[in-house]
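The following pair of complexes shares a single chain, chain A, combined with chain B in the former and chain C in the latter.
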Partner chain A sequence: MTNILSVTLQAVTPEGIIDRYPNSYNHFVLPFVIGISFILVYLLIGLVRVLYHLSGEDRIKLLKSLFNPKTALKNLKDIFCDCLLHTKIWKRKPLLGYMHSAIAFGWFMLIVLGHLEVYIFAPRHLEGISEGSLYYPIFYRFFIWINPAHETLRGTVFFFLMDFFLLYVLSGIALAMFKRVRSIALGMRHTTKPSLADRVALYSLWAIFPLRLLAEGFTADLSGGSFLTKPVNWLFKAFFGNELNFMPTWWAYSICLGLFFLAMPFSRYMHILTEPVLILFRNAGLKVRKPRKGFAEAEIYACSSCGLCIDACPMNTQKKNLKYSSVYFIRFLRRHNNKKINEIAEKCLMCGKCAALCPVGVNSPDIRRVQRETINNSVGYDYSYLKDYSDKAAAELSDKPRKSGKVLYFAGCMTHLTPMIIKSVEKVLKAADVEFEFMDKDSGICCGRPLMLAGKTEAARKTIEANKKIIEQSGCSILLLSCPICLKVFKEEYNLENIEILHYTQYIDRLAKEGKLILEKKEGSLVYHDPCELGRGCGIYDEPRNVLSGIGELKKAQKERDESICCGYSLGSLTLDEKDRSKIAESSVANLMANAPDKIITACPMCYKAIRSKADVPVLDFAEIISSSISGLKQNS
Partner chain B sequence: MKKNILIIGGGPAGMEAAANLDRLGYNVILIEKDKQLGGHLAKWDRLFPDGVSAKKTLDALTAELSGVKCFTETNIQSINVLDKSYNAILSNGITVLADAVLMASGFDLFKAEKKEEYGYGIYDGVMTNADLEKAFREKTLPSKAPKAIGFVHCVGSRDEKAGNPACSKVCCATAVKQACEIKEVYPDADVYCFYMDLRMFGRHYEDLYLKAQKEYGIRFIRGRVSEVAETMDNRLLVKAEDTLSSKPLKVTLDMLVLMAGMRPSEAGRSVGRQLNLTTEDDGFFSSSDNMLAIQKSKLPGFFYAGACTGAKTLPDTLHEARSAALEIDRYVKDNFKEQ
Partner chain C sequence: MIDFGFTVSPSSRINLDEVDKKSFVALSKIEPDVVKCMACGSCSASCTVSQFQPTSVRKAILSLQNGQISQAMDFLKHCMLCGKCTMVCPRGINTRHLIISIQKIYGK
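What follows is the complex of A and B.
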């Protein structure tokens, strides 16, 4: 700090850029160097650990995906859009999106441009650790002296860009500070409480950029600056008249950076570094296999603890249930708090809204399901009769004459509890002249999804095998389902080759489009409730709406499609009691009634029951309303 | 001057209380939303455990009402508390200034279509306990003898999912009574009762149960019905669990009677909301004390009788009506001494 002005003229480049320090080193860089080294080592060890816990099969999958040009491109796009621009948050909450992209993208650009500057103007310092490549680009403005007479256009553009992105980041930081005080202004009703490490990281993060502005402001007359740093420099000169505050500011800047990196692995900010890893894993098609290791570990550390899932959770209708939100589940997993993990894992309705809205895309319901497996994955029942049953049922179905395009209808347990749906499906199929066979008219085997949701994967495998045999031997080419709960498991776990698996909303949409089903527009206003397993679970949002808009005026719910609110009767929760479910059903109905429709339509037997128990307007199943809208005239008759 | 007492609900509780208050010298105004007095009793055929005629019982209750002003097809349009009395505007335009009010709004039957898995309103052969009583009264039972008939106990009772964890108290005995009666009509039919627990708590109820087994050959199956489906020939395929033998069970029936339970009367609750009367979790009104003062509400001068404070049998309801009449008498004497 004593001879800051003793500029040693050395290494003069043609542009008049001079290293102010002969060895390009000053003690103040130490905190930063310690921090960055720590985080790099930590990251490396973490990465090795996660990779080690992946199954061999998954590792090969991952490796292959990295060299597949299509996935590689998607990886790049996802990392850019999700980690830097935060497009997912932008779409739902623009102000919050701006805040995130300002900090992430702004900071990223500062780092990139900083390195680029060094690469262009002082390339020597990127050549190795001994040349200060670890810290030099970060503190470039400290180490350099630029002869004002030699300022080039290229240099000025960089000065401008650096200041511009600094301002961009600072605007994000200002919003972040404001959000701490008033989160609702940025569209968040609930946020999480930060832990100690979170606070250290948070306050250092807040301090880094204002300090950077100050520090670069002090040196703006030596190393150049633009519209932001230059005025700061003049201001300092006017106030202090000397440059003695120069060193402490650079020290503080370096200390804050160092602190941030040191606190990072223990704080929520680890998500910044983990998210790209998660994106690579996800795009490689990996699945969660263990609740705390491998893929799950990447998800756990990728969680930014932002708390968007608290607002998303349907259980948030009651404050006492906020603690079951995914963010806390992930937090307890990260801290190995086993007692709480299991309670939260079992409480969840598995509606998937937290995963759909998660800006990082953490699939918490999947981790909960795997966690449930660890609690109890025994079969528990005597399933030995399944073999005889499926042999007999398969023989009965395959006895019948085979035709191409045969439709096999599987109603499932839940539809059997709502016989009106079965009657309606039968009526619609008859009206469209569709010949079909009823796989479980008098008796049937569970599809396996409720067992899977309960973590009884072994038991589910047994029922899946039994059903699979019946379906494959039936010779059908379309498997028609009326229950979205079944649909999801048939699609994901059955691996039925050459058999199209369709939900009745999809099939009816197809029949209507093909002209086999002529529908009359005679209904008043309708609102459609997206069942969790159908919408978020299988991505079916448009088909039911296509058909419904043809028979009535389709009104919007307050929240719909992937933001739809679970009806509360989901089979996913193992411990949520009736009163809590009933409250959720009420909030779901209130959401549907936002635009005062005449009727509520849904396409899941569970939702149908739940909504009917709470709604004051008629609640109809999708097939039910279609069956009463069939026009007498048919094209092909 | 005679004191005015307003009674809301012209079922057995309201009628019995009205008759007693009339005899005690009050000016009683009894209002009933339906066309006729009697509530559910007016729709019933015979009563457990002895099979006495519902009509005769109702006639006996009606005979005592000569001095009572009865308004049928009348609702409370608005009601509010004045200084020491209640001001009610009735839907027929009359305004009543009552010194005390008795709520005897009773119960609504649980809407059996809510348990859709039992197929009420979907399959022809499925009916409720009330439908069967109506068929007995009006002699409209099908002439073609059903081969097999089932009774499902606890429909909308002791069922959290249906929104009512409480027992409705009367359905067990009603089911056993109806099972015997239907067996009398169709002696060759197989009759099944699907129950969770049989709560035959009253005098002679157990006798009725034994008689049903020994004399009528009713088959009692302990277990809930899970679902009802239709067979190809339009019969009912009932799936249940026999918990005594721990086996799933399937029977094909022609007629299935659902023992719909008791829910708080919606008409009564809407009056309660105007006065901010509190209800308990089950939706029935909360008494000021469930042990000592079941007829008293938390409002002075406002009383309860009958099933508006929870499921009750007919004799219980009548007892409560009489004691409510006494409570009202005591209240009026204590509070309006000077006049």
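What follows is the complex of A and C.
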């Protein structure tokens, strides 16, 4: 109180800006300083821990990516778009995007502008910790006095900008408060239950900005203000008539900041600091190797616990299964609750929708797979028979004539359960005059993906080796697959050199474009179901739609492409039982039937069987409907 | 020994009193579906591996119920978890999880 008065009294100074406190320190900054020091130390230790647990190979990869101009540029772009503007959320839920970018980008701008102001007007205070560089830019408005007679335009612009961004943040906070009450208004059916640390951090975060407004409002007549803080200042002057509430508000502001930073590492808000780290790791091409260490740890702490994955999860058709969502999986991982971790890890369908919709881009199915590995990889097996089989099959295929552009068709286990798909593919290939070899005509062995999904990675390598040998011996240049489950593992794990791996939807699209396959437009309305492994797994959305729109009227499902709903019979889940699966299948069909199509088309033998059992309209496989739509044969030039 | 021109097979008698049921109880807790099996054999008929090696979920379950553990394990050790049996099972048994659970419980 006396300080303030003493300063206002000695107002006769030639300078425009003076330090009201010559040593630029006041006790109220302590909570903030403690909080920020704690979080910085915590972050540093965490970063060292994560880097320590990365394998040597990964560390080199990371280092290289940082100096590669292309990835460096992508890093910058991703950090700006994902961490500050939240373009991913904007695209799907504009209101939610506005809320989040208001808080993140607004706060970021307040910090940047605050530092810029200090840099321009009081650069001495950025020189070192002893000069208060840790807290001075944050509490700049407290420490200075600006002579109204010397107020410059540059200063006024800053006053305006600071108030503008404060208003921006406040609007975001208001939305966030509203979201707690009615999340559906912002497009979220379910949100997460916050933990204790989450609550502490959340409430202090809510309090920070209104308190900032009050605190800066109290000092607006001393240190400048604009359209927001000036009126607050007049109001207080008229209301209180004194400066008694000056210090308590600044204390409260500092305490809230300190509390927020202290609760941060134990709360969901850790993602603010860890997301940029995760982006660097991801762009370097690192993969999860251990379920709790290294890259996975970066992902776990980057999870913002927003709960968008709860709505995304196909299991959410039943309320009892909400607890298996990725957000809770990651929360338990963070708490080292092994029993729950395993339970959730084994339940998941691995459809990948949560990862596709995650605003932070946490790939939790990958963590689940690695977690399963820790339990199931050691389960015994005897695959000694694979060698005889692969030797025999390889010899048979290598006897056949080798030609460039040779197509090798691998149907896979599931397609053999639906021989109609095989017949249709054969018919289509024949109509397009494509010569091909049938790798597993008399039923071959598994591709290895189901074993990978079950966590038996080592066993999967055995089947992969056996299949790889046959494929390489056959001398083919195109490997044609009809099962998306196979497609994914062939693309990711086989490392087949000079062999193009294609799903039949891609190949048929190509044949149609090349004019080798003429299709008739005689179908009614169709809807296409995106199989998880084909769409989200391999990014194939357009090819099947291209072809289908050529033979009929393609209708939209309620949710499609990367938001499509798993058919429920995915091999990903180990423990989900038949009842739950059929409930998911029903919801998947309901989603497809949103626009009342005549037929449902899918491109996965499993989805085909699952959807067929629930749908009232005809369900056809992609190859099946194509084979019945072929009109004229070839047009080879 | 006198050669009679024939041999006597070893006894295939199973004494169910001597069979330890604890593991089976543990199994049915982890995967309750194990008791649903009606031994129709759809799983064996569709099995990818059975063309190479004698593999059958049906026989494995029967063997377990008879206390013939090692025989049951032999019926499953070649399995590649492809999931065809799950798709064809008329009782909706989660065979993949059943197989892994059997291997985990009895394989120790």
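The rule is short, and it goes like this: the second predicted complex is superposed on the first by the 623 of 637 C-alpha atoms of A that agree within 3 Å, B and C clash if a C-alpha of one lies under 4 Å from a C-alpha of the other, contacts with A are read in each partner's own complex, and residues count from 1 in each chain.
Just so it is clear, a residue touches a chain if its C-beta (ideal position, glycine included) is under 8 Å from a C-beta of that chain, and two chains touch if they have at least 3 such contacts.
Source: prediction; values computed, not measured.
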Sticking to the clash and touch definitions up top, decide whether chain B and chain C on chain A clash or fit.
clash
One more residue to check, A:Phe240. First (chain B), second (chain C), both or neither?
neither
In the superposed arrangement, does A:Tyr119 touch chain B (first), chain C (second), both or neither?
neither
Between chain B and chain C, whom does A:Thr463 touch in the aligned arrangement: first, second, both, or neither?
second
Just to be sure I read the superposition right, which of the two partners does A:Ser613 touch: chain B = first, chain C = second, or both, or neither?
first
Does chain B (first) or chain C (second) touch A:Phe227, or do both, or does neither?
neither
Contact breadth on chain A, by residue count: chain C or chain B
C
First, second, both or neither for A:Tyr383, with chain B first and chain C second:
second
With both complexes superposed on chain A, which partner does A:Ala454 reach: first (chain B), second (chain C), both or neither?
second
Of the two partner chains, chain B (first) and chain C (second), which one does A:Pro419 touch, if any: first, second, both, or neither?
first
Could you say whether A:Glu578 touches chain B, chain C, both of them, or neither, answering first, second, both or neither?
both
Where chain B runs into chain C (options 223-231, 259-267, 277-285 or 313-321):
223-231
Overlap of the chain B and chain C footprints on chain A, residue-wise?
416-417, 442-443, 577-578, 609
In their shared complex, chain A is touched by residues of chain B numbered 114, 116-117, 119, 122-123, 160-161, 163, 226-230, 237, 250
Using the touch rule from the top, collect the residues of chain C that touch chain A in their complex.
31, 33, 46, 48-49, 51-53, 77-84, 86-88, 92-94, 96-97, 100, 103-104, 107
Which residues of chain A touch chain C in the complex?
346, 376, 379-383, 385, 388-389, 413-414, 416-417, 442-446, 448, 450-451, 454, 456, 459, 463, 569, 571, 574-579, 606, 609
Sort out for me which residues of chain A touch chain B in the complex.
416-420, 422-423, 441-443, 577-578, 582, 609, 612-613
